[in-house]
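Note that subunit A is present in both complexes that follow, paired respectively with subunit B and with subunit C.
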Partner chain A sequence: MIAIVPRLFWVGWKFHLKGLTMSSFFLLVSVIQPLIFATIAYYMYEAGAREGTLLYVALGAGLMGMWSSTLFGSGGAIQWQRWQGTLELLIGAPPPFIFTLLPLTLATASIGLYSIVATLLWGGLLFDVPLSIEHPFLFAVSLPATALALGLLGLVLASTFVLYRQASAFSNLLEYPVWLVSGLLIPISLLPGWVEPISWVLAPTWGVKAVRESALGGEPLFAIGMCLLLSAIYLVIGWFSMANFERLARKQATLSLT
Partner chain B sequence: MAVIEADNLRRTYSTTTGVIRRRRLAVEAVRGVSFQVEDGQLFGLLGPNGAGKTTTIKMLITLLLPTEGTARVLGYDVVDDSREVRKRIGYVFGGDRGLYERLPGLDNLKYFAELYGVPPREQKKRIEELLELVGLTGREKERVEGYSRGMRQRLHIARGLLHDPQVVFLDEPTIGVDPVGARELRQTIHTLVESGKTVLLTTHYMFEADALCDRIAVIAKGEIVAEGTPSDLKNRVRDGKVVEIEVYGIADATVQTLREIAGVRAVNVEEREQAQLLVVQTETDVELTHTLLGHLNGSNVGRIAAREPTLEDAYVALVSEA
Partner chain C sequence: MTEVASPTSPRTLARVFFLGGLFSYRALFNWITPVMYVTTMLGSPLFQILFFAYLGRFAGLQDDTFFVVGNAIQVSAMAGIYGMTMTIANERQFGTLSPLLATPASRIALFLGRALPVIVNGLVVSAFGFAVGLLLLDFTLEWSAVPPLVVVVVVTVASCTALGMLLGSIGLRARDVFFASNLVYFLMLLVCGVNIPVETLPDWLEAIGRAVPLTHGIEAAREIAAGAPLGEVSDLVWTELGIGVAYAATAFLLFRLFEIEGRRRASLETF
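Coming up: the complex of A and B.
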């Protein structure tokens, strides 16, 4: 089993990535929405005369798109799989369900990487955002580290969505609060003190810190390390919750609509 | 040793009613089902919609946990050894769902070949063989969303056979498929059994079970009401008679009255365009036509005919009695 896992991940990631890019709805969410986020963020920045640079705002907006894409992937895609009858097939296949689900959530987070690129290009073209990166190598490392952490957070969420049929409604509910709490839209320092500990356990907080500090200058290594640490923690939580929720879903008959 | 063993399987679903004052309800979908399927046998689970066929099959393929009872496939318990069961079985659900619509059929097969551990070097050959078997060669690169229902069903069968499973579960595989497509599917199922696989098939088509199955269990309201070879089941009604009466508008209460007449075994109502056909099964040694007509006062009666009972009548009688 161990030997086939990397291949299973690679084939599953490619398969789901291809499937997601064939969905016009998902592409709309991934292609158009980040540009809208970016536009709103730029105007908020101009109106508020805040500290920081336009690139700081652009990267936050990019992460907003990436989080939306991950949420849609973990919640919406599970619901979609349930609706099209493939959720049962994935659970009924011999590998542990986490091996079939993780490539899906990683695929949606990977598509979210596009948000960063699109937002930067949009900002450069329309708002004269300078596209200079201070630490190109660390920037290149921080992006996949962020995608990994978001994908694994998506896995934790997806494990609950397997059990509950109203998953997509719940995922919509999580979109805006996480933007705020993770400091994607406004700095966390502007929020009440009790919000900060919540932000520490959310991957987008460290993801945006990692990409911002590697792009604008700073010490991104700690944030990249936190992304990897959180990824490992999410993986452990996801592993246990997936095993339990899979059994509960079989008990409560929530895997299919029929 | 039996390949599939179900022992007193029960499954209850809990559901709720009402919007403001919600009440929890327990629905017993399967109520103590037991049967065994021997190696190389094609076993049919026959019953009307809602009889508990799909629930039974989902417990056997490890997608639902039984509320009570046990089941084993190839000696492995479906609850405790679910992973071992999953490796060794293939299953196919009827209907349109269960495929990645936006991707080509070939991508669907490649992905599931990977999930079922088909060695990479063997995947291409295996997929080609299966495409040939189900008659989809040349269409595999098209997106599934453009497939007809029959093509989807054939792709389902190919998917279920990728890892060459010893046991195959087919849940109403011909549902919604046109007659020619259904006949081809039945031929494919026949080929599977000839190749030595053990098959459990659910269907609500009597003729399909008759044509394909070595043994049949009739399931109604969550319970097995009869089990045997198709000949055994036919023998159950050989000593009866059937009266068919065409009526124009008949109340449910009247049908119930007919069922209570001494000598009547079963009454089934088939809807025709503007009329209903009452199919009344009676004992051999009674002549009930006049009695039946006497109870139909007030209804317009058309054609009346008597005939020998068929296998379908046996099925209707068994299901009606449940």
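Coming up: the complex of A and C.
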């Protein structure tokens, strides 16, 4: 069983990445929507005379897209399998269900990398944003670390949202609050003090810190470390939640109920 | 033998308009369940308003009033754009379009009746947006400004719903109209003066903004919130209304065109 796990991950991740890339909805969420928000923020900053923040905006808007694709992709992951009638097959297959679900949630976060590329290109081509990265190696490390942390947060979402029939309702609800409290475009210090501890347990907070500090200058290692630490915590939570869901669904015979 | 009422009798027209509209809303509006309604139609607008108000504070662009008024009106597009698209285009998605078009019911009553519940819904969402601003942000409103503001918001929400009608009509033919609905919703945040004064946008973006619903209504609402009487913004309100009528007329023409074409090519419910 152990020997097939890497292959299962690789094939599953690639399969879902291709599927999500072909979806017009995910194209909108991961490419077009971040570009629109980046443009709004750019004009707001320009009209408000806040200078020197264009790369800051481009990276923040890119992370916004990554969060949206993770939220909508992972939040509805199990529900989609239900609608397509593939959930029983995946649960019944020999590998533990988490090994087939995790590549999907990682893929939803991975297509968020399109957002970063899109907003950086947008900044460079349309607004002459200088693409000078202060720590190129750390920038290259911070991106997959962020995608990993968001993908594992996606596993937590997938395994908890599945308990509710209206999972997409929670997805619609959680997009703006996480953009707001993670400091993607607005510094957390501007928000009420009680928001800050909430931001600490959210992967996008550390992801954007890691990406920004490696691009704009700073000490991104701590933020990268926090991404990895949160990934481990999310994995444990997701593992237990998924096991609980599987046990309840088998016991109550609700696997295929939509 | 029972006498069949004429499809053009006032009573039948009123039934198709009011009851048909209500039934279609209950059947085709995907977010009708309480959980879905509260999270999507109220929760999401709540955080949208907070997000842009704080972004505005950080950018140093305008005060909270600017963002509360802009976003409280724009969030009505949750109903006006998504809701209206659903209540027309979902007839095709759910396979009820052919039976509907087989009836002799007046098409104009059928079409416009679907807009009424959506407009009421949009007004609820918009009122909630203003309440969020009053309770959570630095936004105040004189009591005397409320009646003219209601007039402006009603016109603007109706106008926005007309754009939703257009998208819904396109949904009778297009494969994935919800992509367009999402795109339009987000583009409104950029071009309609919701968060950025339209005059600060590049000329071509400003021109787009001036040609679509919301822009003039939001401008009028901001002036009223600042203390202007309704008479002073009447030009903006009439322009907003005119734009809405133009979009509604185009939407109805497309609806009829796609019905006739769909019958001719036997393609009403094909994808």
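In this text, the second predicted complex is superposed on the first by the 245 of 258 C-alpha atoms of A that agree within 3 Å, B and C clash if a C-alpha of one lies under 4 Å from a C-alpha of the other, contacts with A are read in each partner's own complex, and residues count from 1 in each chain.
FYI, a residue touches a chain if its C-beta (ideal position, glycine included) is under 8 Å from a C-beta of that chain, and two chains touch if they have at least 3 such contacts.
The shown structure was predicted, so the numbers you read here are calculated from the model rather than taken from an experiment.
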First, second, both or neither for A:Gly12, with subunit B first and subunit C second: first
Partner chain in contact with A:Leu143 - subunit B first, subunit C second, else both or neither: neither
First (subunit B), second (subunit C), both or neither touched by A:Leu202: neither
First, second, both or neither for A:Met22, with subunit B first and subunit C second: first
First (subunit B), second (subunit C), both or neither touched by A:Lys251: first
First, second, both or neither for A:Trp179, with subunit B first and subunit C second: second
Touching residues (chain side subunit C, partner subunit A) in the complex: 31, 33, 35-36, 39-40, 43-44, 47-48, 50-51, 54-62, 176, 178-179, 182-183, 186-187, 189-190, 195-197, 200-201
Residues of subunit A defined as touching subunit B within the complex: 4, 7-8, 11-12, 15, 18-19, 22-23, 84-86, 88-96, 100, 247, 250-253, 255-256, 258
Residue ranges of subunit A in contact with subunit C within the complex: 24-25, 28, 32-33, 36-37, 39-41, 43-50, 164, 166, 168-170, 172-173, 175-177, 179-180, 185-187, 190-191
Subunit A-touching residues of subunit B, taken from the complex the two chains share: 13-14, 54, 61-65, 83, 86-87, 91, 93, 95, 97-103, 107, 110-112, 114-117, 120, 143, 159
